[in-house]
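Shared chain: chain A. Partners: chain B in the first complex, chain C in the second.
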Partner chain A sequence: MKPDLKLILSVGSPLLLLIVWQAVTAFKLFPPEVLVSPTAVIAAFGEVITTGELQRHLSESLTRLAGGFTTGASLGLLFGLALALSKTVERVFGPTFQALRQVPVLAFIPMLILLLGIDEVFKIVIIAKAAFFPVALAAYDSVKGVPKSYFEVSSLYRAPWWVLISKILIPATIPNILAGVRLSLTRSWLVLVAAELIVADSGLGQMMEMGRQMFRLDIVMVGVIVAGVIGFALDRLFQLLQAHALRWKTA
Partner chain B sequence: MDYVPHSQIPGHKIKQTGAVSLKGIKKQFNFKDRELKVLSEFSLDVQPGEFVSIVGPSGCGKSTLLRLIAGLDDTYDGTIALDGQRVAGTSLERGLVFQDHRLFPWMTLEDNIALALTNRQISKDAKAKLVADHIALVGLKGFEKAFPHQLSGGMAQRAAIARSLVNEPKVLLLDEPFGALDALTRVHLQGELQRIWLAQGSTMIMITHDVEEALYLGDRVVVMQANPGRITHTVDVNLPHPRDRASPVLHKLKDEILAELTNVPEPSNPIVRLIKGDDQ
Partner chain C sequence: MTLKTLNLNAFKPVWLMGLIPPVLFLLWWDHEAVKGGANALAFVSLAQVGQALIDMFATGELGLSYGSSLGRALSGLLIGGGIGTLVGIAMGLSKPIEWAASPIYNSFRQVPILGWLPLIGLWFGSGDLSKLIIVALSAFYPTVLYTFEGLKQVEARLLDVARVYRLSGWQTFWRIQWPAALPSIFTGLFQALAFTWISTIGVELLFSSGAGLGAMMQQAQLQARLDIVLVCILFVGLTGFAINFLIKRLSQHVLSWRSIRA
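Here is the complex of A and B:
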């Protein structure tokens, strides 16, 4: 009974939104230059798919995401681990790290444009920056948070260092690190679309920006929906990965 | 009743190794700019295969003492020796069971126990057999693949005991191993520990706050006092194992020890001194 109700609600709420949206446009509560109707958006969808425009922009965006996110998350992981494990690294980079992570990614855009121009490198760097901090912070916190008792048990049984790392430290920290990676993945996507809206010659954000300039609000809406669906799907996929890695918790 | 050395008790394996010698142990913690003297001139000799219980008020340094013997802490004065060899750092010859089971939540029971064997140069099969034997020893057959959160408190503590015994240590140190368990489980596990000790014959030093438990299991009960932690009294329990909990001898000894533990003047506490003024 209960799961059925949940299903009805989770399918029903977007459906309701769609109906309201259609009704609002049908009664022309807003001028069509401001709010297009769902049917117009569906038509635009068909259009950008048949021309191949959507696929092209989307694959550009996803390639960028993959490059920037992988770079940023790996560097973040290494940096976070170094920060947690080395007193020297912590003393030298700790304060800078704590200060820099408080600056919104988008605030770096003007500076980075001056430095790197608006080429591909710029976009990769901006996404990497967005991916870097959540992972670095999660890695740092989770290593710092490993209970002393784990080290004591390992020492009691004189476990070799590779056993300490592979069987104790990694499993102990992986839940928090994965949570950090997941956060950084969705952040990277948001930042990417935003960055493409401002400066890009291709990508989903750029497709939306062009739509806006040509008063094609239906195409802008297609972009909004695709951005949302992709973000949602990335997050869900990662959640599955997390659940798989942590299956001992629910076994 | 005459003293029956534990090594002559029928069924108890005779062991030649596992003599623990503590001489003039002094331990202090430097806390901010204050020195906290935790142990002072603590000396104790434990015979091979002997079961020694230690009771004492909380904070008197019992856990600190076991951590020193286990080698988790190396900063102290005095000597700790196992079979005449001064201990340095941790060793597979000295096992330690904590009050909390300290099993790793992401490992199955058998993986948790196998972790204790990662430093042993023996074949995979030999390791698997040791793990299986010790799971059977603590009565957990059938739970090899269970995760710690699927075990009851008592079962998890048994698993912890199996892990600490899998290297067949010469001495097993137990720090309030049943302290967190309910009364029934505790009584049950006391019996189990006694059976394991009789079967294994390793030296055991157990800390407990339960005087009855100390007397039921120990060949000797060491009574400690705090500030600084020291031995005030040692009680020989001259009864064969396994023991009858209802034995009048145990009850008499229990009353004695309890009286000593609860009726100690506390010079450091003026209020207690005032209240107890008449007795002194």
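Here is the complex of A and C:
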């Protein structure tokens, strides 16, 4: 009986929400500028797909995300490793890194707009910055966290440096680094949507901002849903990748 | 000889090396600003930034913006964190509520927090109310999650004790589950604090009418006043630093309290 109740409740509650939403709009409790029905949102969804608007915005956003995220995450990885492995790098760049980490990425948007304009470069840089810090921090922390004894064992066996890296450092650090990459992917998506809302010239954020300015509630809702689904899909995809990369751990 | 090297090393001011990148960067920046040329409009000299800082202090503009941002973040934390804790408790104590609420919670949570802003803006305008809702929402998510998880992770043997003593539902909650979940609840609140600061700056950048550091930055950007923007970044960063520092200290305190009890 119990698992049945669970199924009923977990499927029923979102369903109930939809029904209430549809009912409220059917009885016209709110004017359509305030609340549109779920069916109107679906219709708007169909509209932006048939006009190709959604695909265009989405591909712009995702291309941007791919460029910014890959750049930021790989630079972050290299920087974090350098910071952890070299005392000199740590002394010279550590304090600056720690200081810049305290500033929320969004706060850099106005400065970057002034310095770089509102073109593609600006958006890539801001996403790269969002992706950089979590990965750099995870790489730094996890390499620092490798127990000394691992290094001792490797020197005891006179393992050459590539064995040290491939057999000890990478397996010991990869779970944490991947967790950092996952966090940075989520952050990149968040910052991308924010940047596109602020500099509304293209992408999913622009579609939502234009929808707001033209009082197209249905389009805005399509944007909210798509932003959520993409965010979820990216995270889930990365989780699968992570599980695949770490499958030796459980074995 | 060895003694001498040792002494030298002891006196080597290692931390000074950390100043190399920022000093070099500032020198280059100032040089670009003074030299003028293609980027002269964008770059401002350090003297200008300093002057902007003094002016903004003197006119009280900085204090006003800063106070209103901080107030927004804290009231968002209070509202969102309060409601979030209650929802988390309800989900943690009652399985049916957990089953009914978690699919909705999990699907709403997927939307990037600032992505809600156009929608909330249509409903509540682009004033303080919309901003507060988003900031409170950013505090709501982590508090629900950590309160819920904290209650779920209460050890079974503690609940057995409650059963043996025939504690009522309320007593079980107040004497056992709540204290056991408290460290996790605090962790959620700390995260919420960090999130509210970030989302405060975000909503103020997007809806830049009204007061606030983010609004001030955005307006300065439209007037190409990089000096003001930089002063704002400085204060946003310092506050971020203060929050992180506070979180670190407080969580040490919370965790030590737990280890004593354990």
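Just so it is clear, the second predicted complex is superposed on the first by the 224 of 251 C-alpha atoms of A that agree within 3 Å, B and C clash if a C-alpha of one lies under 4 Å from a C-alpha of the other, contacts with A are read in each partner's own complex, and residues count from 1 in each chain.
The criterion applied here is as follows: contacts are C-beta pairs under 8 Å (C-beta built on N, C-alpha and C of every residue); 3 or more make two chains touch, one makes a residue touch a chain.
Computed from a predicted model, the values in this text were never measured in an experiment.
Enquirer: Tell me the contact category for A:108 with respect to chain B and chain C: first, second, both or neither.
Expert: So A:108 only meets chain C here.
Enquirer: Which of the two partners, first being chain B and second being chain C, lies in contact with A:185: first, second, both, or neither?
Expert: In the superposition, A:185 contacts neither chain B nor chain C.
Enquirer: Determine, under the contact definition given at the top, whether A:130 touches first (chain B), second (chain C), both, or neither.
Expert: Once the two structures are laid over each other on A, A:130 reaches no partner at all.
Enquirer: Check the contacts made with chain A and report whether chain B or chain C touches more of its residues.
Expert: The partner with more contacted residues on chain A is C.
Enquirer: For A:41, select first, second, both or neither according to whether it touches chain B, chain C, the two together, or no partner.
Expert: Neither partner.
Enquirer: Should A:81 be classified as contacting the first partner (chain B), the second (chain C), both, or neither?
Expert: A:81: touches no partner chain.
Enquirer: Would you sort A:54 into first (chain B), second (chain C), both or neither based on which partner it touches?
Expert: Touch status of A:54: no partner.
Enquirer: Of the two partner chains, chain B (first) and chain C (second), which one does A:138 touch, if any: first, second, both, or neither?
Expert: Neither partner.
Enquirer: List the residues of chain A that touch chain B in one complex and chain C in the other.
Expert: In chain A, nothing is touched by chain B and also by chain C.
Enquirer: Can you list the residues on chain C that touch chain A in the complex?
Expert: Within the complex, chain C contacts chain A at residues 14-15, 17-22, 39, 42, 95-96, 99-104, 107-108, 110-119, 121-123, 197-198, 201-202, 205-206, 214, 217-218, 220-221, 224, 226, 229-230, 232-233, 236-238, 240-241, 244.
Enquirer: Can you list the residues on chain A that touch chain B in the complex?
Expert: Those in contact with chain B are residues 149-150, 152-153, 155-160, 163, 167-168, 171-172, 248-249, 251.
Enquirer: So in the complex, which bits of chain B are touching chain A?
Expert: The contact residues of chain B facing chain A are 70, 72, 90-92, 95-96, 98, 100, 102, 104-107, 115-119, 147, 149-150, 163, 167.
Enquirer: Can you check the complex and tell me which residues of chain A touch chain C?
Expert: Counting only chain A, the residues touching chain C are 5-6, 9-14, 17, 33-34, 88, 91-96, 99-100, 102-104, 106-111, 113-115, 189-190, 193-194, 197-198, 205, 208-209, 211-212, 215, 217, 220-221, 223-225, 227-229, 231-232, 235.
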